[in-house]
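Take this structure first; my questions come after.
Letters A, B, C and D mark the chains in the order given here, with residues in each chain numbered from 1 onward.
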């Protein structure tokens, strides 16, 4: 039984490091958002007003946090269905992570620009365009998986594949729409980004209990 | 033996990525706190005084570190009793992480405001309200687990469930109390937050050695 | 069967923590790069111009992200072929991580210096020298593995060893060349660094599906 | 075979999350050190001088990086010998992490203060005192493990226990010595901290190949 010999060493999943690295990037991108929240020293006279006055920053914080949370959920849904991570998935994953870790920049910019009508329009469009690029990178990653079915675990059904496609693809259209909307109504567009993020998280599905061990016991 | 076939691939726990992402967020939130510690260039003339003068920042650092440490311990106590992570747990976990990674902001604010009586009151109330929201998110996560017992591993006892509930629920009341106290005595409330954090960590329980392998050997 | 007794406890790979720590450092180094992106308050009048004006920062961001991504891929390619992590690998890995987590500094400097011809030359040489040191640390790590073949898993072939050597060694020469080029043409050198990073990622190979379980089933 | 039933779920080591959280904190603490490196805008005229002028920051960066690296190695050496993580180990680990993630503050202060003789003395003493506290926390963690031998895996020998004690305890004395030295000769003390860190890493031992599988095959 030569397989036994290396049992302890082979037991980790081939993609575990790609997941660990990605989880790190997602977690840091999401946590760095807090660095854009601060009340200027001058607001100490009336701190309550100073805190409330930061509302665009809270909105931007929540929107980007929930958006990245939704991308993490989609990333998790994809990777737990993979048997291994081939060269193309690795590259597209790196591209996705690059777009995700860029997000704190347009997030901070949008919050900073909110009190100037012209700047706000530009900042909200820039923010939307960044989210659009993240969605495209995510869709490209998923598409490259679907095109090469031997990447997927054998138990993944056609139905699951369609469900993931249906949950990730429409966001591209929504972000195009929201970004066009930002040209005319940046405030409405900013709210729309938050709604897209909330809906994405609401549509995500958790894990299911691994049925195999029980099944094999029954056998 | 079809189960065998995918043995190497199925061996990771279904919730391991949710844990990894959460650990990342907790670890970063806790480590970013240090960024609020710095001595102004002007204090270089009398650096010893400059360092000592930062005491409110050290207090805020320790309070938030120990508070987040306590939340991490509770999170760990919950997740190691789960069989899998369903949709609702995932969402509530994301909400919990959002409130935790927000904490460096009120922490920095509280330290910054400490030398101005009015600002301090507001900052300490804001800090307490943030901690309260974290506790509520944690309790909601645990409640959603308890309500759906098939989420829990079969070996988890009623007693363990009650113990976790008893360790997490009172904090909500304590934070309400401390935040009300902050209206009248912000300094006392600030000390109270530290005491709550210390008691939470003191009440947390470590892991126990997995008894199964030995037990099955004896059999 | 005494081995069985500790099965659950021995199942993790001996190098898993070294990987986890390294993944953390890589992920943070890559995500901290975003902190160098910001538009000054004064650019709010013409934010579109302000955003476009930051192009050297985007270039530096992308170059360093892709470079670190390529190093992570090489690190992963090395570590998944290891049986364990000996003392020397641990030390060289720590050295590699120290050079990698240093990179946000020369990256920010290069972006900052781009509008001053003299400063740019120095900054680009400094950036190239930093990348050169990272490559040397990576090559030293790989060399120390190759010199001690019992570090490698038994299934690793001579061909794989040569392939990794061929993918990592030339970068040292390329970074020497690019850094010398920076003396005369800093702009061209900056572009060259990006090309080296892209080629490194393009040459990296993903994981392959673990063949063992199937093989043993066939037997 | 009831043990089989939960095989997939029990396979992770009970302390894996404590390790993951700790790795995150170590990795972030080490990577945040780079944020203290920056060349002021005014140095762009003579950037080479500006970069060289930052030498105290590089020294502080290297010293703290290698110190934290050494603590990580010691932490890893302790945790891979544990069977599980009890309540006291969890608490002491949290204390250790709190002291480690504090280090970027005294590190930055020491680099900042180096050009003012009085400030330097205070900053170097403060830095040394911080390192001393980290060493004490680490020794306390190890001591609490040694006092409760059932925490240790059965295969850990008396010799290994003594070796870890011998590698970690002397640092307390060295840091006391270096901190006293800083009263009279801060520059020498700063160099001494680096030497202590280098010696700690040099004395650390890597992993050994898990002998069990081979042994059981031979049987």
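The rule we apply is simple: a residue touches a chain if its C-beta (ideal position, glycine included) is under 8 Å from a C-beta of that chain, and two chains touch if they have at least 3 such contacts.
Everything numeric in this text was worked out from a predicted model, so none of it was measured.
*Asks:* Please find the path from chain B to chain D through touching chains that uses the fewest steps, and give that number.
*Replies:* When the steps are counted carefully, the minimum from chain B to chain D is 1.
*Asks:* If I average the CA coordinates per chain, which chain comes out farthest from chain A?
*Replies:* It is D whose centre lies farthest from that of chain A.
*Asks:* Just curious, how far off is chain D from chain C if you go by their C-alpha centres, in Å?
*Replies:* Chain centres of chain C and chain D, defined by C-alpha means, are spaced 23 Å apart.
*Asks:* Hey, how far is the Cα centre of chain B from the one of chain C, in Å?
*Replies:* Comparing mean C-alpha positions, chain C is 33 Å from chain B.
*Asks:* Specify, in ascending order, the residues of chain A that touch 2 or more different other chains.
*Replies:* 6, 8-12, 20, 23-24, 27-28, 32, 35, 83, 210, 212-213
*Asks:* Using the touch definition from the top, list the residues of chain D that touch chain B in their complex.
*Replies:* 1-3, 6, 8-12, 14-15, 17-18, 20-21, 23-25, 27-29, 32, 35, 83-91, 94, 97-98, 101-105, 108-109, 112-113, 116, 118-119, 122-123, 126, 150
*Asks:* Give the list of chain A residues in touch with chain B in this complex.
*Replies:* 10-13, 16, 19-20, 23-24, 26-28, 30-35, 37-39, 41, 44-45, 47-48, 51, 61-62, 65-66, 69, 72-73, 76, 79-80, 83, 153-155, 201-202, 204-210, 212-213, 215-216
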